[in-house]
Each structure stands twice: as C-alpha cells, then as structure tokens.
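Presented sequentially are two complexes of chain A, the first with chain B as partner and the second with chain C.
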Partner chain A sequence: MTGAVLALDPRLRTALAELVLTMADDEFVSGFTDSEWTGIAPILEEDVAMSSISQDELGHAKALFELLATVLDDGRDADALAYDRQPDEYRHARLLDHARGDWADTIARRFLYEIADEARLASIGTGYPPLANLVEKLRREERYHRMHATVWIDRLANGGAEPRRRLEAALAALSVDAATVFTPLAGEADLLEAGVVTRSLAAAEAAWRGDLTSILVPLGLRVPPAAAEPPVDGRSNHSEAFRWLWGEFTTVRRLDPTAVW
Partner chain B sequence: MIAAPAPTPKAVMAALERIADPEIPAVSIVELGMIGDVDVRPDRIHVELVPTFVGCPAVDMIRASIEDRLSAFCCRVDVDVSYATPWSSDRITPAGRVKLRRSGFAAPPPVREGRALPMLDAASVPCPYCGSHRTRLESVFGPTQCRSVRYCADCRQPFEAFKPV
Partner chain C sequence: MASARKPAAGHRLEPWEVFQQAKEGDPMRHGGNVLAPDADLATHYARELYGRRQESHRLWIVRRADIRVLEDADLLDPPLDRSFKKPGGYVMRGKLEAARAKAGTEKPRARSEGHDRTGGRRSAGDQA
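Presenting the complex of A and B:
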C-alpha cells in the first residue's frame, strides 16, 4: 500500500473508491461499446478513429482500475476489478447502457458523454494526488475525443435531411439518461471536504448543460431537459444491451481466468 | 568472470538511451521523453517511466526492456509507470525530432492551450519528406494513439505526424 492510501481515513477511502469506480466503469463500458465499430464504421478514417478512441478509453479504464486496486487494497488487481463482477455490480452511467445503434446513436451518446466527462474531470482537485496526476494526463487525451464528437454533431446536423433526422432522434432517445454521469455519490460530501473534488456533481452538471447549450443551440438542436430530481438509479438497473456486452467482454476471462494478453 | 559494471548515473542513462521505442525503433525512449527521474544507488536503480499515452500498449514491453537492459548493473531495478509528470509531446528532444523526421514522421508542433483542432491543423507541420509547409490534416487519428495522418500537397505523399498532447 502506498503512503497516499495509508493517509486516508476509512470513510474517505470508501468515497474515493466509489468515485474512481464510476469513472473507470464509464470509460470501460464506453470503450467496449465503441470498439464494436472496428471493421464496420461508415468510412475508413472513422474505423481508425473509433478504434483509436476505444483504445484510449480502455487504457484510461485500466489506469483507473489500477488506481482503484491500490485504494481498495482487497487483493483484486485491475483485471479482477474489470472482469470478475456480475453485470449488476457495474457502476457506469445509464447513458452508456445503450447498444451501439447506428452512427447517429453513437455520435449522440459519445457527444453527451465526452462533454460530461470533461465537466467531471475538471471537477477533480488535488486532494488525492495520484488521482489528480492521472486526471491531468487524461484531460490532455480526452480533448481529441471531445473534438471528434463535436465535429460529427455539426456534420450530422448540417448534413441534410436524413442525417439530421437521425441525430435528432438519437438525442431525443438518450435525453432521459443524458445526465446520469452526474448521479449523486453517497460519499460526495467527504470528497468535497477533502478536496478530492472541487465542486459538487450538481455544479458539474450545470457546467455540462452550459457547454451543451453553447454547441447544440446554434445548430438548432434541443438540449436534453433537466430532470426535476437527480436520478437515484442512474448507475444501476442496467439494460439488456449491457448484459449482452458484458457477456462479450468477459468471454475470455470466463473461459480462462489465467489468460495473458 | 567479468564483473558487472558499476551503476553510475551516467552509465545507466547511456544504457537507457540505447533502448529503442518498440513502435518507432529509430528513436530511443529517452529521446521521446519517456524517462523521468532516474535514481541510481549501489544496490538499487529506480526509473520513472512516463508513458506517451495512458493506454499505450507498448508500455509493458518498454518496462521489460528497461529491466532487462539495466539488470546488467547487478542490482535491483524498479520501474514505476508514473503520471506525476504528465507526458507531453513537448518532451521529445531536438535529437529525437530530427530522427523522427528522418523516419518519415513529422514532429509535433508545440502544445498550446485551447482547442485541439487549430493546434493539429497548424500550418507549421512540414512534410518530413520534402519539407513543404503545404500539408493538411487528413485524419486526427492514426495507426497508433500518438499519431495523426497528414498529406503533403507538394510531394503528394501521405505521412504520419505526432499528435500534440
């Protein structure tokens, strides 16, 4: 166990583990879903782009699971955390619980998620230096993902009747789950007090909504409406689509837990 | 029997400078800026490895190369992957930039704050083959996480360029 972990009081450690788990699961599920495009994306450049982005997201998930393993210190390594849980134990946001869908579904989901992820990463303070250091590095890479999603929102919105119709339908279908990245965490007050995060999830959500507005409104697209109450089960109660994905990404691990990549 | 060489900081750095990057063997991991602090003691060498991208699949291979190469110095070798100093493309050394160009890769323009696209599309990315500045971005994403694809309008050659991060 490292010095940074030893210095945490148990309550803060639980809260930190919860935060890092949600971040890791979001990147992990997002990376696997988007890797479904490898080989079948609409154009060659997008095949390369989706494969590269997925590789980034899975790499981010791996680094976050490694960090989580040191925080939990319960004998599980990054692979065990990533692959040895039952579907109900994953804590990714319901926004990422949707099947790959068509290209517009993917772009709408990626866009809502990338802008939310940036709002979340921008909320991480210096209270737990190993997380702060990793997040600084992640932000340098994520801006390429955000740019990719934003360029495609613009392209579909201005790409003629059918692309626009499909994009609008995709955004509408996702709107109920759009804000689930900001689902309240049980230990949020402890994280704020310790400076692990510098603003609440509600404040990060407000920033996200502002970013969405500045991009979507000039394109004549609707910003997903804010819910009256924050979603309580925004990171549980997973879909059939996720259960299918889980079956896919755990196949090798279930066949041979000692397999080495 | 030949005695193992003494682990002096200079000898250890020289050994690290001879480790090629697995994806672009023309440049060393030192020239790419992947080596952070190196702490050399009589019984232990500690190397901070700074990955170019978090998900870089070559990291384990590079770590194994470092352990293998430095094991010639007799003592314990610890390699820690670290994000304490985040890797930036600005860490690539001048010598590394020259070698990248000679291998057909454009070196990254300096990292600036703000939006990524203007930075990527900078007119200051000269063609590594003919030196022309009339090049354009073809695809932000390339064959590895750290590379983009560009095209030179003068020698009509596609080429790869390091992403500024």
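Presenting the complex of A and C:
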C-alpha cells in the first residue's frame, strides 16, 4: 500500500485526501447523529436496528479514516483524524448538519443521504485500488441501510395523516441542503483523470435525482429541487446543531487525547 | 411521542417468528421472535437481532398468525397405553440372538458399532 501511496503525485494525493476526508466525515457525522436514537427509538426492534446502522456508519468512517491516514502520511492516525479537529475543519455535507429531530426528520435525512452515498460510491473507479477495494465492501453493507431508509419512507408516506405531514415537513426542511453531498471538490479533475472516480459529482447528482424521483414521485412526495448552481460551501459553515454534536462526540477524547484504550 | 407510538389502523405490531440456519445444509432452528408492523420491517429486525453478527447463513421469518398450532392433548398425548407404537416397545435383541445361535453366525461388527445412536461419537472408553 505504501508503494501505491508513494507513487501518487502530490496534486493527486491532495485530491484523493480531500475525497476520502469528505466520505469519512459524512459517515462519521451521520453515524453519531443517528446513534442519538439509542434507547429512545419508537420500538425496541427499531432501537437495535438504528443503533446497529449507526455502528456500521462509524465502522465505515473508521475504515475511511485509516485509509486517509495512509494517504496523508502525516503522523495522524484514524482517531486523531476523527476527533482532533475543530468543528470548522470537518468536511461533511451540510445535509448531515441537521439535528436528529423527530423520527421523520431522521428518516428523511437518512434517506436523502443513503441514496446520495450510493450514487457517490458507484462513481468510485479503480484508479486508487485501496479505495476501490474498500468501497466494494462498503457498498455491500450500505445496501441494507438503503433498504431500511426506503421502507421507512414508504411507511411514513402511507402511515396516515400525521406521519405523512411530518415526513413532508422534514423533506421540505432538508431540501435546501439535500444535494450538498455533491458539493464540487477542488481536485475533481485530477481524480477523474486518474480514474479514482469515473464520473463527476454533477453526474452522480443527476443519478441521485433519478433514484429519488423513482421512489418519491410514486408516493406523491416532492423531490428536492435542483439549485441553479452547485453549492460552493456545502461542506463548510456548519450548524449550531453540529457544534453541539461535536462537543458530545469529542468529550472523552478531549479529557485525555493520549489515553491508551 | 405518544402519537408516534400508537400505530395507525392496519399497521399494528405483531409477532414474527425467526428461524436461523447457521450454515448451508444445517437444520433451520427457532431463534426467537420480533415485533414488526409488516413483512419488510420484520425482515430488517430479524436481520438485526439474529444475523448482524454473521451467526446466520439464512433466516426464515414467519408471521406467528400464519403458523398452524397443534397442542391438543387428545391428539398428541392420548390417555391409553401407546407404548406399542414406539420402536422400543418391540424388543428384537433376544430373538436375534436366538436366531444367530441357531444359524451359527455372529453379530456384524459394523452394525453393532453404529447401534448406539450417537453416530459413532461415543468412544470405547464411554462404553467400558
């Protein structure tokens, strides 16, 4: 693996690190937000399911941060990358800045994100084999997450007036940030040229819109409208909700960053 | 949250029984059950509770209401002596020994070893 990393030219390495960091932060933040349901989900079975999905996302984040550590090779390990940054240094999509909210908020956010994540994972080529190998494994687990979110969208849409009203309100509230997973990356052209990705983020976003349309329209739900221009700051300028979450998930780490577990 | 906990009509939670198979070819064994409002979520919950640690190769998820239950004592535990319906009620050993003595043959070794019903797991030491 070190050989492959050393073979990267500096520009491609920077671009690759940016891509992997956005993927890792997305999984990390969504995993922590959803773990807020542990103990208070609607029923016991769902509590186990949501907690397990959150653990999966944190597991994906761990694998991506470990890969990022080898790409950056700057002495930071996965834990340092995950926990030792200030809130403004995180690069997750603003879609994931939204707080846990009620069950409909969580399902709507998870649904928009899971479908977006699949479109992004489907864009990863073989240009950097360690990433391609990892993505192949991630996609097998993400398939279940997507099924879970989609089943719940269907249930809330058809679950009577109150669940449907809440779902529509949640989708509307998220709509402005829905596409931020596809915020352009500075090094996108280099990634495309090296085959690390096989299509642009704009093309992935178009695929995501197609997937959303095929699920939401038959349920009579509105697909978040496309912005006239891609969001420039879709991965910065994080919300107060995220700053609170950051305080929570770094609490133990900040007590003693050198502790050995 | 009170309203969220009250399922809409036709979406009531009900029990689903989960059967697990540890590996291909193994028997399906009853694992337990989950509460779920429909088959899709029952499948998800079964996966989470009985399959997320790679302990299952296959799951069967069966709505409990769809299971035919028989627990009628008249049918399963009749009052009269039925010992003659059990294989153990018809002892062949004495008759076989007499027949062998008459014919001058010995008990086949391989069959006598397999006769303990443990599939050969019982060691010679146990038999001693």
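Worth pointing out:
In this text, the second predicted complex is superposed on the first by the 258 of 261 C-alpha atoms of A that agree within 3 Å, B and C clash if a C-alpha of one lies under 4 Å from a C-alpha of the other, contacts with A are read in each partner's own complex, and residues count from 1 in each chain.
Operating definition for what follows: contacts are C-beta pairs under 8 Å (C-beta built on N, C-alpha and C of every residue); 3 or more make two chains touch, one makes a residue touch a chain.
Everything quoted here is computed from the prediction, not taken from an experiment.
After superposition on chain A, the partners chain B and chain C collide with one another. Judged by the touch definition given at the top, the superposed model places A:52 against both chain B and chain C.
When both complexes are overlaid on chain A, the residue A:159 reaches chain C alone and has no touch with chain B. In the overlay built on the shared chain, the residue A:147 is in contact with chain B and with chain C.
When the two complexes are overlaid on their common chain A, residue A:136 makes contact with chain B while staying clear of chain C.
Counting the residues of chain A touched by each of chain B and chain C gives the higher count for B. Of the two partner chains placed around the shared chain by superposition, chain C is the only one that A:42 touches, whereas chain B remains out of contact.
Applying the stated contact rule after C-alpha superposition, one finds that A:189 touches neither chain B nor chain C.
In the superposition on chain A, no contact is made by A:172 with either chain B or chain C.
In the three-chain model built by superposing on chain A, chain C overlaps with chain B at stretch 130-138, while the rest of 22-30, 40-48 or 130-138 show no clash. Shared contact residues on chain A (touching chain B in one structure, chain C in the other): 45, 48-49, 52, 144, 147-148, 151. Contact residues of chain C toward chain A in the complex are 1, 3-5, 8, 11, 13, 34-38, 40-41, 44-45, 47-49, 52.
Considering their complex, residues 45, 48-49, 51-53, 55-60, 62-63, 129-130, 133-134, 136-138, 140-141, 143-144, 146-148, 151 of chain A touch chain B.
Chain A makes touch with chain C in their complex at residues 42-46, 48-49, 52, 102-103, 144, 147-148, 151, 155, 159-160, 162-163. Those residues of chain B lying in contact with chain A across their complex are 53-57, 82-84, 86-88, 115-117, 138-145, 163, 165.
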